[in-house]
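After this come two complexes, each holding chain A, first together with chain B and then together with chain C.
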Partner chain A sequence: MTRESEWQLALPLTLAYAAFFLVPLGLLIAVSAFGDDRITTLDGAQWRKFLGDPFTWKVIVDTVKLGGLTVAATSLIGYPLALVYLGAGPRWQRVILFVVILPLLTSVVVRTFAWIVILGREGVINQAVLWLGVSPAPLRLLQTEHGLVIALTQIEMPIMLLPLLSVMSRMDPNLRDASAGLGASKWRTLVRVTLPLSLPGLVAGCMLVFASATTAFISQFVIGGNRLVYLPLIIWQQSLVVYNWPLASVAALTLLVSVGLGVAAIAAVGRRGRAYAV
Partner chain B sequence: MLARRASDLTYSVVIGLLAGLGLLVLIGPVVIVLLTSFTLGRSIKFPPSGLSLQWYRLLFDPVSSSQIHRAALNSLEVALVAMVAATVLATLASVALARRSGRWVRALDTFFMSPMILPMLAFGLAALMYFTFLGLRPSLPLIMVGHTVVVAPFVLRTTSASMSQLDPALLESSASLGAGWLYTFRRVTLPVIAPGIAAGAFLAFVASLDNVPVSLFLSGPRSDMLPIRMWGMMESMLDVRVAAVSGVLIATVLALMLIMERVVGLTRRLRD
Partner chain C sequence: MSHRRSTRREFLAAATVTLGSLALPRPALAKGSVTAAMYPGTWEEAFRAHVTPALKAAHDVDLEMTPLFAVDQIAKAQASRGAPPFDAFVLDPGPRVTGIERGLFEKFDAKRLGNLARLPAGMTDEYGVTVAAQVVGIGYNPKKLPKPKSWTDLLKDPWVSRLGMTGFQTTYGTVSIIEIAKQFGGSETNVEPFFVEIKKVLPKVAAIGAPASMPALFQQGQCDITYTNTQTVATLRGRDVDIEFVKPESGAVAFFTTMHITRGSREQENAYKYFDTVISAPVQSALMQPPNNFIPVNREVKLAANLPMASLDEMAKFVKHDWSKINPLRAGWIERFNKEVAK
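Coming up: the complex of A and B.
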């Protein structure tokens, strides 16, 4: 092995990815083109049936909307926390980082379970609601879209914050001091200095949260119930319950394209924002 | 001036409240799950009605919780194998790609990182169909392969970050002093990138242990995985052992995290 032949070390991973990642995905596309669940007729009938159904479009819109709402909620709560991190001393910075990473490493299923405890009929929120007398009966929070958005906000919060904290920790503190020294209010410094400088982190966080929230099957299913239908539920039902693999593949590719377009849209908004800020 | 001070005050209040809400939302659910797991009652309720260890005792009962134990051992076994495989493959790849540029290197890097952005559910389904067409039935080795693919990017990311901190002059002086490639790798490269590899391996382990989308499709009756079993226990809603399993998982992750923080500075590596 020499410096010149070092590139060969990439071969094992490349081969593994080709065999167990690229080929299966190619197969997914191939199977989606078949019209029947026995995978014999190649006529694209499942695509026509799926995309011709108005219900499908409602599901696609709902899935994208769920991602959008989660992105909005995680940014609204996550960004201020990143600002506090920026202004905090080393000790508090470590505490915040720890609080962000602990849930990240805690299983998604555990985090989903936590929200059943919180949102359920006998859950934390309903106990508080009854105790305060806000409502005479327990509120229905599980199996509703807003309940699901609340839960996903916490479940996805760490992946919003990691890229944000990363840009914040690399930001030159002199710029904010200079802005304040020149007489700008804190709000103005936020809008004109901090926000433009941290935009790449915010955009990266939004992309990750969108991609994750739209495909979080267990959380969607357990908290949303089967009355809230999103694309992952269709993939699961068609593949593992009904065994219609072509239709499952169509739904999986639809999810892939929807997520891809959503992420691309967030990236485009980010570029726009940067152009405006400069 | 007064208006200015009022505006700065609203800034501090608004940002402070939202950030406080953020911290509460992040850590609250973890605390609530932990407390719930010690409940004396027979249902999942918060605050718990009295404290006891009954659900932990039931969870560790070898007879009544044997299915959970089987699933936990399967998950542990898969996570260990996937971690080792992903660490070896991704470390080699990041050494190969380090300090190289060009269209092919960038394309390969994007290819290696793509499992992170791609909906894993689509990959899980694709893997199930692929293995079925090859005539293979769902089993632990297949889950290991699937997990290796989706956790390799974690190792690649942290190891590549460490590789970029390696001073090329060190490698050159080692080579000019007559050291062979392997010797230089062992004595110069590896010590520098080892913490990055360790952090990546840890993340890969946790990601495999936690994986739902791939296990969902590749696990069968004889290859049950812990997250999938927990999902089943949650569907029934009556099983408070989910809280106890969660408690064990949280404690394990917390312990591992503190160790990794000491050894390789995990949190800083995750941030950067």
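Coming up: the complex of A and C.
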């Protein structure tokens, strides 16, 4: 196969993307331009209604904030675990990898419902809180933002760790030894050598977690309930309960743009971080 | 040359085998099948246990089920016009009205049901047949709370601080909120008094959850009182959860679950056989027993003692709603609910 014809290898995937992503996206944009739920009047009224409502902006901000908090929590907890992985021998590395992948073997629905049992009024955490006397009454954890972030942190952790561990395992250990040999402290080696080298994995993990947490409808609705309203809930209500597909399309495109901007921002931070490290 | 000959010979042999296999007698196949949309969970399990074998035995028809909630069925049928994703709907009144308005059903001929005479009057129309009833009231934990009397008790102490609520996404949630609104001067088309009253007690409410998570929230003690239907109460009791059903003073709400033939279905004959099997006395009787706990519609079925009525005629006394009036308002109510209860 000549170099010129190599592009043909990518043709099936390109066609699949065109058929199953670009065409539906085009349809979504087209439907969103209609003003009524019967899709007859082309006047963009749903866009004006949706974006003109201050509540919508609160929902957009809350959705992006949820993604941001989950990214922060998964990075803060996940990165030290990745460092433990880096310092462990091959056998322990396999054990850590298995533990990281383990939650992925259970359906997200099951994991989410398990969090009801853990975070509930009579759940494990509240029983411990009451037993230790930390609080006289059970804490409200379900249907609160911090409860949801706790659950999402566990649910999204594998997709933060997998790219991070992949990059860490390819890191040349001689570089860290050289840093130590040249007199750098452990902390300095972490900040000036390990962190910059692992940055591509961290950035990839953050992007995946952000995109996944902001769109995690089941977890958001089951753990957050109706007290916490995020864009996926509005898409579900409009498309499946009241059949206002133009408004559902508007909300879906808003989510797409919000997630896209969030991911772009993470990528930009990653690029700046790399520039700083160099 | 020899290579070409051998290829042709192989081709002929393969073709003969293929054609021959088509002509061979096949193992006994059913006279056909029908694909029915089915509520996931209790309904799907109960239908698999009782309707599937009964339909096979009576008509030699295989029942294939697609688990979908009522609203999902309407959305899916609407999105795939011309190629129906299933032959039969099972719907609550709200989505049923939407289906009628959007022309998603075939015209229904009740005379084709052998068990028609065994149904009370008004259980069939030109759109479909009623297969079960649902009764909505209050479910509470008698070990944690005193017995509530009315819908308004839900918003008072000590009940309100243990209350679990859902919004307008479900039929039972919508009718319960309408009933609460009525007690404060509202009506079927005016739920404003509910929003006024709920705002006063909102911080106290124990849970405002996703409909699918409500049984789990009750089971985990996150809430100890909620509006719900008798079937959910019976199912939770079957799992040893402390829950009792109460008919509010102003009356419990009743609504019917109906089945319809999808427009353009190629299995209409089998769909009628399926409906007829569902409403037959033995199947209705089996569906009424725990752990299924359906409310039957066949007059020949002797009602179980734990049902909220002694006879099907009593259903006339329950509170009913006109969903053709509710549906146009529901989108606005959902939006309002989001804004009022979201933090």
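Throughout what follows, the second predicted complex is superposed on the first by the 257 of 278 C-alpha atoms of A that agree within 3 Å, B and C clash if a C-alpha of one lies under 4 Å from a C-alpha of the other, contacts with A are read in each partner's own complex, and residues count from 1 in each chain.
What we mean here is this: contacts are C-beta pairs under 8 Å (C-beta built on N, C-alpha and C of every residue); 3 or more make two chains touch, one makes a residue touch a chain.
Everything numeric in this text was worked out from a predicted model, so none of it was measured.
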item	value
Clash-or-fit label for the pair chain B, chain C on chain A	clash
Contacts of A:N244 with chain B and chain C, given as first, second, both or neither	second
Chain B versus chain C as contact partner of A:A114, first or second or both or neither	first
Residue contacts on chain A - larger count, chain B or chain C	B
A:V71 touches, of chain B and chain C: first, second, both or neither?	neither
First (chain B), second (chain C), both or neither touched by A:R227	second
Which superposed partner A:L148 touches (first chain B, second chain C, both, neither)	neither
Which superposed partner A:F55 touches (first chain B, second chain C, both, neither)	second
From 4-12, 22-30 or 76-84, the chain C stretch with C-alpha clashes against chain B	76-84
On chain A, the residue positions that both chain B and chain C contact, one per complex	113, 116-117, 120, 122-123, 222, 239-240
List of chain C residues in touch with chain A within their complex	71-72, 74-75, 78, 98, 165-169, 206-210, 212-213, 216-217, 220-222, 330-331, 334, 337-339, 341-343
Touching residues (chain side chain B, partner chain A) in the complex	4, 7-8, 11-12, 14-16, 18-19, 21-23, 25-30, 32-33, 36, 43-47, 88-90, 92-93, 95-97, 100, 108, 111-112, 114-115, 117-123, 125-130, 133, 145-146, 148-149, 152, 171, 175, 181-182, 206, 209-210, 212-213, 216-217, 227, 230-231, 234-235, 237, 242-243, 245-246, 249-250, 253-254, 256-257, 266-268, 270-272
Chain A residues touching chain C - in the complex, by the definition given at the top	37, 55, 58-59, 113, 116-117, 120-123, 142-143, 145, 221-222, 225-229, 233-234, 237-244
Chain A to chain B touching residues, read off their complex	1-3, 6-10, 12-14, 16-17, 20-21, 23-25, 27-28, 31, 76-78, 80-81, 83-84, 94, 96-118, 120, 122-124, 127, 153-154, 157-158, 162, 165-166, 169, 185-187, 190, 207, 211, 214-215, 217-218, 222, 232, 235-236, 239-240, 245, 248-249, 252-253, 255-256, 259, 263
